Every structure is written in structure tokens, then in C-alpha cells.
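So that you can tell them apart, the chains are marked A, B and C in the order they are listed, and the count of residues begins at 1 in each.
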Amino acid sequence: MDRLKKLNIPKSLWILGTIIIILIILSLLSDFLVPYDPYETCPEHVLQPPSSHHLLGTDAHGRDILSRIIVGSKTSIFSAFALIALAAGIGTTVGLLGGYFGGKVDTVLMRVTDVFLAFPDMVLAIAVAGILGGGLVNAMIAILATTWTQYARLARSSTIAIKEETFIQAAKLSGCSNMRIMLRHILPNIGGPLIVTATLHVSGMMMGIAGLSFLGLGVKVPQAEWGSMISEGKKFLQTSPWVALAPSIVMVLVIMVFNLFGDKLRDILDPKSAEK
Amino acid sequence: MNMKKNIIKRLVQFIPVLIGITFLTFSLMYISPSNPASVKASAGGITPSKEVVEEIKEEMGLNRPFLVQYVSWLGNLAKGDMGSSYITDEPVIDKLMVALPYTLKMAFLSMAITLIFSVPLGVYMAAHKGGIVDFLLRIFAFIGNALPNFIIGIFLLYLCSYKLGLIPVLSTGGWIGVILPSLTLALVMSTRYIRQIRAATLDELSKDYVIGLRARGISEHNILFKNVLKNIMVTVITLTGISIGSLLGGTVVVEMIFNWPGLGHLVMEAIGKRDYPIVQGFVVWLSVAFMLVNLLTDISYTWFNPKIKEI
Amino acid sequence: MKKITSVLLVLVLAMAVVLTGCGDKGGDDAKSDKAQVIKVGGTSAVIASMDPAVDWNGWYTVRVGVAENLFKLDENLEPTPWLAEGYEMVDDTTYKITLKEGVTFSNGEAMTPEKVIASLKRVGEMNVRAVALKDAEYSVDGNAVVIKTAEPYTILINDLCDPFAAIIDVDNTKDLVGNPIGTGPFVMSEFEPSVKAVMVKNEKYWGGEVKADKVEYNNIADFDTVALAVRNGELDIALDMSPEAADSIADVKEFDVTRTVQPRTYQMYFNMNTMKDKAVRQAIMYGIDKKTIGDVQLKGSVTPANSAFLENSAYSGKDLKSNDYDEVKAKELLKSAGYEDKNGDGIVEKDGKALKIKLSLYKRLAMESIATEMQAQLKKIGIDVEVATFEKATFFEPGDFDIGLYSIVTTPTGDPLPFLRGCMSEKGEANYGKYHNAEVEKALKELAVTFDKDTRVKLVNKIQQIAIDDAAFDYIGFNNMCTGISKDVIGYTTTPNDYYQVNKDLSKH
């Protein structure tokens, strides 16, 4: 707690953090919060405009859109978190090893990283998800393949920068194992930028998963997920615009909250890059 | 300057990466859950018998060990042969070439729109930091940053096509059809560009030489246009390099929304039909193009900023 | 500074070059103000190849008025002469078909018996549905073609109505995919597979003056966009509208929406290899509420059915004993087969394994909508359905489904035999579910050689009943085709079988 105080956390960060925690709790409890069963079709009430019964209207199968958005939040938010944890884990390990040991280990690891970096943007993700054949897990593997490299690069450059510092040298002299040095001395010191990157990444991951689902390469029907809901709604844009617009607006709002939080966190943890 | 030597060095470094890329791309197909032989066999619309599938498998050389298959595929690739579509038997390269002009058209137009707007705006925001324009545009950039491309696309489609009836829906291949997808891409890119260009300009303006120039009574206007603009070009080029890479991929989502028959559309169609040679061709083409663009970007750094010798 | 300017200049120039280089199209539309151009659009208006012999492509070749058949189905689905003058049955296996005089292909070549034979032989080679044409022997007799089938075959003339048997000048056609040369009122002028097909007037049409100058068929991504194109005035004819799309253009004064009852059904195949438990198949049949799907969900655009053939046709399955919707019975069946929900997750299990079923389908008409509804309905009886959606029917692996959903016209040539043989015979080209029943096999053989109508009806009913009792197939219902037609358009035809659309009289006010 003392350390937190020293960092002098501004109020805005507290507020944003609270909103995010509430969002997470809401999505965890989503199954109990929904006004209707998000999967129950109701042929009598298809494509109904927003009303007091269905606050955000119904979709082409008469399912309540609000309920689907709420349930979909779980997929969007948690798959984003899981992805980041995995990408950061793999990337940091690779970067740390490469940066710390240097030499051949570094060369090999960085060549592998280069290969993955050679695929622009979503291209690899689409090819992977497309060929593996959809499904949330495959979509996540696909995005993971394209994101871990960022962490690897970041971790590597920070490790190299810090490697020659005296306290690391001192630890070496005192006979600490390489493992211990990496985990106890280097990792905590390069953690700041990594955490900032991870936080700023949440919205990117959400967009990535939703994008794949939008293309039909993510979740399978009838699972509620924002990207696939928007994609489905596209077919009814003219006659029933709310089907696509409601999940779009919610998604943008949630992304904004995460972006703001990431920006603020960067101001504190990584002030150098924040100046820009 | 050793530009030539450096370029050659870079090109040599491409080789292991290229091998990695092709290996990864090829393995993808290998681990795919569906069997290429039966995709090919059923292309005629008939469910093939096991024997036919087995025959085609043999014919396609799918019974050979993985590495042998990879090397032979790589050999063909080196000769410019990316194989042919399972469904129509057309060479993959021909299919890519048909779609490429559409993607290029969209890429260039969106890039042009982005640069035309974001460079002046970014510089203006920095020069008038804290002003009302700066404030409004920062809000715009912040909101834009939270908008996935498909949401922007859907919204533009809804507004321009559905509500205002401005854009005819059937003119996909023509001039009007390219406007909305390009605008979508430009909006996505602009939010990032404006932020970065603003930041780069601010950075530049706080440097000693600017203070020096100011002290010598050079007008702010001249400083901006004669010195600062030149130095932020590095940022602009970096951004452009990154964007062109992904634009060449046809930015699949946008092409799907607007039904624009570029590379992204082609690859999604191929995925739907499990026509993997096209997917492979697309991935290989893109990563090579992306690497070349990166090289060009690096070369242009040295040109704009002679301080960077090592490329 | 110079450098920047020059770089910018080069960039701008490069862009200009690329942009103008790509923008070579357009501008030629406004050639003549009097040219009659008919624009047609739909979600599956253009196919990958115009070669009529391949697969079901002939439908598209005949629709757009490029190719014609020897015989044509009338509104009662009875064959009538088209390019033929008439036919005569010499004996049980020999048909003598006299050709019309003066018919020419669009390249000016006369339609000779030799050319007709070449065209039909090719179809026999290329299309599995045309086995009869493959095994037959052909000869020329004056201006007539004599076809001798390998064994008595009652429906040869019906087969000749099938668009696969559209007559093409095989020898003189260079590009079968993009420009097959037929005898129709229109000639292909531009073809972009699965995107666009443009046809221009055949100046030498044998049947007389062709009224329209140009017909354009466009593929449009989804129903909503079709409706939008109608609203924007970009289309004269909108094919296959969804009920929602049709409703949404109700206020467009210039358009009429025509509804045509079609023998196109949504057919469910059970995979007999993966769904061995008959009780489960039956439970699924009982568990699907076709009425709700057709009448409510799809707003009457699908008429629920239990038979593969239309109610008003001779082969209607009125007397069939079918497994109609009965949720209680479905649950009972599952329970007696050992499926029970023990862990309370809503899905039944047997031996600890949850009952999970893969439903495969492709994007056509209301398929996706129906699948989602089926998924929800089957969940109510405790079956977990996973839906796999493909772009086209041919993309599933053989047997890559527990239930396969297909949209199919059951009497493409007016007779039930090709359909039944295709999906129920062990060697049938459409037997995706690997169904086999010796009795059905025998009845199908009999059907092929039986000429008497009443006996045929009995045989067809027998086959259908066995298939229902085996719980091998089910049908959701028949599609009621919605076509939006501009009030300016005259002469466009909508037929139940949906392969006659463009003709020489098609024009605009």
C-alpha cells in the first residue's frame, strides 16, 4: 500500500479502475443479470425495435439484444485478458532469455521473432483462423501468433539496457543463479513498460477477436459475441439498424474505458514515453 | 555512404526470414483439419469416393513426408509458381493479380486521404497546442482510436448508403465504390497519424535548435515549414511504411463490408471454400511485400536523416 | 526542402498513375440513351461458371437467356417442345426427336442434329445427373436425333428439359466458362465469376426480334443490400428476396413483389454413419417445429412440408405417415434410448457423453436462419447442436455432418425420379447421408422403367414412406420465391422451377 501511495495515483485512475472492476464483475455475473435468456429464440418477436420490453430491441431470431450484449461481454473481455496474459508470458520469456544470454540464443530467438513480425497486422491471424477453421480457441491462437512478438522485442531491449547495471553485476558476483537474476532482479525492473503495453493492448485484443468473429472466423453460432453480433446485424442495417448499432456502441464505450485507463497508467509507470 | 552494401546485407538477412515465413505458411496448411485432396476432389460438386480422394492425394504428392513436400513447394515458389486453386484450377498468381489492382486503388486512395489530412492537422495542433482545434481533434483522435474498422465501416455504410442514399450499392468496381472503403481506412489511420505527428512536432519544437532559431528572430512559420516539417518526415515515413504493409493485405474486414473485390475479399472467399493455395499465396505475397516496404522505409530514413548511417 | 518537394511530387504522380491505371472501367454505360438495359440482382444471381453441363450451372445459363433446351417445362411441369419440333417413341428405349427448322446458334451456325448430339454427349460425360445420356447411343435421322437408352428410361424427355442438357455449339465455343455459345436470345458479353454476368442481345436470334439490348446479372452480398439497391433504383429485378427485404420495399411504388410457390425444399440429411441410433434421428424429426419456422420465423416464406414433393403435384405426400412436431414424444424417445440429462445442464447424456450434433449448411436463402431456429428448438429437447456454415454446398467434406441441410429443387424436370435416385440410391450422386435400403433400391429401379402414372405415384409414395420410417431424411418445407419486379419491366418470367427468367420479350416501358 505504501508503494502505491508513493506513486501518487491520480483520482481519475482510481475512477477508471473502479469502472473496469465493475465491468469485470458484471461480465462474470452476466448469466444472472440478463433480463432474458440470450439464446432463447422467439419467432414471434423478430427484429423488434427498442422498447420497454426489450431495451435494445431484438435480433433476427427474436433474441433480446441487451442480454446478448451482456453475455457477450464475458467472451470479449476475458478472451482479451487471457490473450494478453499468454502473449505477455511467451513474449517476455523469449525476450528475457534472448536479452540476458545474448549470443546464439539471442540470434535464434530473434530470427524466430522476425519471422512472425514479417506478417503484417491481421494477415497471419486471418490465415491461421481461416485454416484452422474458426472457433474462439482457434481465433485466440491466431491472434496470439501475431502479438507475442511485441512483448518479446520490448522485454529484450529493456533487458539489454538493464543487464550491465551494477546491481545486476553485483547479484552475479554474489553467486545468484541466472534464473534467479532474471526473475528477481531483471523482471521487476522491466515490468513497468510491459504492464503499460499490456494494458494498452486490452482494447486491441478485443478489437482483434471481434474482428475475426465479424469475419465469421471467431466464435460459432449461436454464441453471443460483439463482433459476430455486429456482423449479423449488418444484414439488417437498412430495416433494423439497432441490431448492429447497439453492440457497436457498447463495444466502443468499453474500449474507450480501457484506453483511458491504459493512457493514465502509462503516465505513471512509464513517464518517459508518456511525454509524447 | 555504404548504402548499396547495406541494402545487400539486408537482402541477405531476408533469406532466413523468408524460409521461416514459407515454412510457417506451409505448416499451416499441413495441420489444417481438412484434407486438401478431398477439397479438390469435391470441387466438381460431387461427393467423391474414398478411392478417388486417395488417388488425388497420391497425385498431389500428399503422401510424401512433410519436409519433402515443403521443399518441392518452396522450389515451385522460387520459380514464381504458387500452385493453382483447388476449385477452379487457375494459377494462384493470376487470381492474386486480378484482385491486386483493386487493393492498390483502395490502399493509395486511403493513404492519400490520410496524409492530406493528418500531416497539416497534426502540425497545426502542435503549433497551437492547447487551442480549441487541438482540443477538439484530440477528442476526435481519442474516439477514433476506440473505433474498430468494422464499426466505422458499418456506420459509414449505414449513413452514406442507407440513410443518405449517396453511394450506389452495385458500383463496386467503379470509382464511387472505392470512396467509402478508403474513407473507412483513412479514418482509422488518421486517428493514429494525427496523434503521432502532433507528438513528433511537439518533440521537435522543444529541441534546442528551434529555440536557437526563434532567438535569431526566424518566424514561427518558417521554422515550422523549413525545419520542423523536414524532421518529422521520419515519423511520417515510419507510419506510412507500417500502414502500407497492412493496406497491401487489402484490410480484409473493410473489403468484406463494402464487397470490394480486392485481395482481402479473395482470401476470405478462399477460406470459405477451403482453397488453401490461395490463402498461402496471399500470406507469402504479403509478407514479402511487407519486408520490402520495410526496407524501403529504412532506406528513406537515411535519405531524410543522414545521421542514421547504419540501416 | 527540395528533396521533400520532389518526394511528394513523385508520390503524387505515382498515385495518379496507379489510380488512373485502375480506373479504366466505367463511362461506357451511357452509350445510347435508347438502349434497353435490364438490371437483375440477387444473393446468388451469378455462378462461378456458365458452362451448363457442369453441376447445376445450367440453371444460370438458361435463366439469363443464353442457352435453350430441346424441351421446356410448361406451368404444369410437363415437357413441351422448344428447340425440338416434337418426339416420337419408337420403342421402349428409342426416342426420335425431330429438331425445329431454322434454329441457329448465336454465332450464326445452324443447329444440326450432329451439333445437338455433340452437346448431349458432353453433358453425359460431365454431369453425374445425366447418366441416361452417358449410357445412351445416338444417331442422326434426317433432321432428327435418335437416342437409344441403355435400358427403358421413362423420363428421358424430362431429362432433356433439365438445364444441364441446354444445347451448346461445343465445337465453336472457345470459353465454356465465360461464353458458351447457345441458341438463346442473349449472348454473353462480360463474365466475372460469382460477381457479374452481362448479356447482350443476340442479333441473329432464331425466334425473332429480341427486345432488350442488354441484361446484367449482379451478385449482391445480402438481402438487405438487395432491398437497398431496389430502393436506390439500381435494379429492375430483385431475385430471391427474404421476407424482411420484401416487406422493406413494400412502400417502393415502382416495384411489385411476386411470390411463386417453388418445388425448392430445405432438405435434411441424416448421416447414417454417424447417427446410427434411429431413436435419436426420430426424436430430432419430432423435435423440429416446422410450422413455427415457416409461418412465424420466416413469415410464411416457407411452407412446412413432410414430403419432398409439392402438395398440389401428383406426387404429393398427402397420405404419408410422418413424424410431426411433438416435443413430448421427442423427449420420450430420447429417454427410452438411454439419453437423460443427469448433470442438469439441459443437454441429455448417454454413458456420460452429452448428445452433441453437428449441423452443416451453406449460405443460401434462409438456411442460416432455419439452422439457428432448429438449434434453439433441439436444445429444448436436450440436444446440443453445433452449426457449421459453409460458403457453398460442395464445401463440406463427404459426410462431414450429422445433419446436412440442403436447399434443393425436388422436381427440376417435373419428375421425382432424379431427386429420389440422387439422394436415396446407394450410388446416388447426392447420397451425402450414406443411406441404403434394399427395398428403396428396388423401387427406384422399378420407377425408372414404369410408364404408368398411377403405378409411379404409388412407387414414389412407397419410397418416401420407407425413408421416413427409416428416419433418414426430413424436409423443413418449400420455399416461396419472392421476386421484386419493377413495374416498368415487361416479359420477365417467374416459374416454379426458376430456370426460365430472361426471354426475347423482356423489355422496359
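What we mean here is this: a residue touches a chain if its C-beta (ideal position, glycine included) is under 8 Å from a C-beta of that chain, and two chains touch if they have at least 3 such contacts.
These figures come from a predicted structure and were not determined experimentally.
Student: Compare the CA centroid of subunit B with every other chain's and tell me the farthest one.
Tutor: C
Student: Between B-C and A-C, which chain pair shares more contacting C-beta pairs?
Tutor: B-C
Student: Taking each chain's centre as its mean C-alpha position, how far apart are subunit A and subunit B in Å?
Tutor: Spacing between the chain centres: roughly 22 Å.
Student: Could you tell me the distance, in whole angstrom, between the mean C-alpha positions of subunit B and subunit C?
Tutor: 39
Student: Please work out the Cα centroid separation of subunit A and subunit C, and write it as a whole number of Å.
Tutor: 44
Student: What positions in subunit B touch 2 or more of the other chains?
Tutor: Within subunit B, residues 34, 162 contact more than one other chain.
Student: Residue numbers in subunit A touching 2 or more other chains?
Tutor: Expected reply: 234, 237-238.
Student: Please list all residues of subunit C that touch 2 or more other chains.
Tutor: Each of 228, 231 in subunit C touches at least two other chains.
Student: State the interface residues of subunit B toward subunit C in the complex, per the touch definition above.
Tutor: Residue list for subunit B touching subunit C: 34-35, 38-39, 42-48, 87-88, 101-102, 104-105, 108-109, 111-112, 161-162, 165, 168-170, 172-175, 226, 229-230, 233, 259, 261, 269, 272-274, 303-304.
Student: Which residues of subunit A touch subunit C once you look at their complex with the stated criterion?
Tutor: It comes out as residues 39-41, 43-44, 46-47, 60-61, 216, 220-222, 234-240.
Student: Subunit B touches which residues of subunit A in the complex?
Tutor: Those in contact with subunit B are residues 111-112, 114-116, 118-124, 126-128, 130-133, 203, 207, 210-211, 214-215, 217, 227, 230-231, 233-234, 237-238, 241, 244-245, 248, 251-252, 255-256, 259, 276.
Student: Can you list the subunit C residues touching subunit A in their complex?
Tutor: Touching subunit A: residues 222-224, 227-228, 231, 244-245, 247-248, 292-293, 296-297, 368-369, 371-373, 375-377, 379, 386-389 of subunit C.
Student: Taking the complex as given, what residues does subunit C use to touch subunit B?
Tutor: Listed in rising order, the residues of subunit C that touch subunit B are 1, 3-4, 14-15, 18-19, 21-23, 25-26, 39, 41, 48, 54-56, 128, 193, 195, 218, 220-221, 225, 228-229, 231-232, 234-235, 390-395, 397-399, 429-432.
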